[in-house]
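Notes for the one structure printed next.
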């Protein structure tokens, strides 16, 4: 079966001297992959490359067997969705609108405008919010929600977009351990339900081991390890983080 | 120990320059001044104040002034409707949120600057000379400069929007127009509405003044009264202008509170 | 949850308000177009021909003698008037700033001494009166008292803008940090010194910025006020229009735009300095 994501010798050079790559990575349908590594390792950049938001300076990004840079906006939205670290919700909109924004890749501009101003049934939004436990917040203004609730709204938007590959950037960076476990369980569950692949960056290795099938470790812009979870020892992960200090 | 204030640098220079400019201006003004005291002097002032304290309040006159107020308000609303639409279009072009072409943005900004440079009464004089004394001339005289300033202010706001949520929407597959509605507009809407409410209040004053050019409205009524030196009849429409402006100001504040959270 | 119910009803109210707008706009246009018009309606070609004629006259077409904008002495004369207008705008702005600064301590809510707030209401009402009455109206009233000429114009600009700036300055003063003033008072400074050394330096940048911004507006209005008080470039414009000297009008308009742009640039430069 065609891998959902393939990075082939992808490289990216940023202005501040930061360099990602070359990296080779394959994600197969339904896989749950954790991307671990210290800050500055390039996890967010890799996710941006995978989403097609950034183009590689060298190498190719393949989504579902097709070149990412040849895909149209709508096709790409069906294949891959990215949940940013900062959620990037529109604070001034209601939760319903932010969640429905996941459908903007499918709606015409006119329909989008009508959904914004008119009284419209929002079954998809309602379903998605119910799945993340926020159905009561449908009409609330996004700015009134807590950080954790922002997370779940962003997740609901991703759910509504329904891509084959879910990319998630540091979802639990600012959450306490209990909430982190809850959110990751939710994430893994949602991925499993839809048969969606999941590529998620984390900096807590123990959470990665617990919720994901496969661990990919990064350091200084390169991939240094890529193993199935049962084969990984805590010590290996510690090494990735500690030796990065050098 | 009190907080040490910074050594005055740029601020003092700016202040001194301003003071120097004022000094020069006063000297110049003194040179320009013609025969002083050619007016009614203290007597006129006394009559003015008396008129202010006891404006003409007969029901017939109040009705006339109310009708004038309605006409003035109508001019203001009509002009703002044109100015808002034109200004929004110009703002979108000048900020480049939908389509970013340097020449288009620069050209738009130049046009906006030109329309903004003349006061609405100057535009009115031009439009009336060009089109004759018609209501359209009055509406356009206000709409054109207002479109310029609305386009400039809202264009700047659109440009300063947080790009992160807009990028996230693009990643979700949204078209440029959808990105505008969902990502850009909600960010500027509260401020923009507040500014438009303020502009409406200004438009009311402009419309009142515009009627001096000969179009109906409160200004015309004020001019008529002053020509007959009837101060009591002059102050009623002046107070009406005040009431209109205060009303719109209050409405604007309420709208702003509703939307800004 | 309460949040959902409140959210839904406020959405309904917003939609109701949105529906009111087109209705109000339609009514306004109906009333405006019903006003008597002297001349053809803008939808008729006769109106456009007339506008075109006007435009071509501004450009000097079909003129028997030399157009005014080709004669340097006209430019010289009008430039002199333009300088006068510039001076007038500066005077008006200065008067307004001074009046506002002097009255603001009375109008602002004094955090330390609530008892002194007795004059707050009247002063703020004066600001509202001053800024709600358009400059032209003030000019007309003042002309009746002090006669036509630059004094009435300067006062009209000063009074109206004192109301605008007064309101803006009050907001600034109320947001000020009271600690420097308080510290100075504890160190033995009198109330006046405490204000000048404690409060004033904090508000100075904002005061300058607001005054400079306002100057840009004032210079545009100065011409119009001058037209009413019979002085300067404004009076010349009025004279030229009524005397049908259209090419002179072009000269005046060109200088007007140049003046406005100059003030915009100066204001921006001074504001950048003030921020430094």
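Letters A, B and C mark the chains as written, and numbering starts fresh at 1 in each.
Here is the rule we go by: contacts are C-beta pairs under 8 Å (C-beta built on N, C-alpha and C of every residue); 3 or more make two chains touch, one makes a residue touch a chain.
Fair warning: this is a prediction, and the values are worked out from it, not measured in the lab.
The most distant chain from chain C is A, comparing centres defined as mean Cα coordinates.
With centres computed from Cα atoms alone, the innermost chain of the structure is B. With centres set at the average Cα position, the gap from chain B to chain C is 8 Å.
Per-chain Cα centroids separate chain A from chain B by 48 Å. Between the Cα centres of chain A and chain C there is a gap of 52 Å.
Along chain A, residues 141, 144 each make contact with two or more other chains. Touching chain A in their complex are the following residues of chain B: 164-165, 167-175, 177-179, 181-183, 186-187, 189-190, 261.
Chain A meets chain B in the complex at residues 51-53, 73-74, 76-78, 81-82, 84, 86, 88-93, 97, 101-102, 104-109, 112-113, 116, 141, 143-144, 157, 161. On the chain C side of its complex with chain B, the touching residues are 10, 14, 24-25, 27-29, 31-33, 35-42, 47, 50-51, 54-55, 83-84, 86-88, 90-91, 94, 128-129, 132-134, 136-137, 140-141, 143-152, 154, 179-180, 183-184, 187, 197-198, 201, 204-205, 208, 211-212, 220-221, 223-224, 227, 231-232, 237-238, 241, 253, 256-257, 260-261, 270-276. Taken in their complex, chain B has these residues touching chain C: 1-3, 5, 9-11, 13-15, 17-18, 21-22, 24-26, 28-29, 32-41, 44-45, 48, 70-71, 73-78, 81, 113-114, 117-119, 121-122, 125, 129-136, 138-139, 205-206, 208-209, 212, 215-216, 219, 222-223, 226, 229, 234, 238, 241-242, 245-246, 258.
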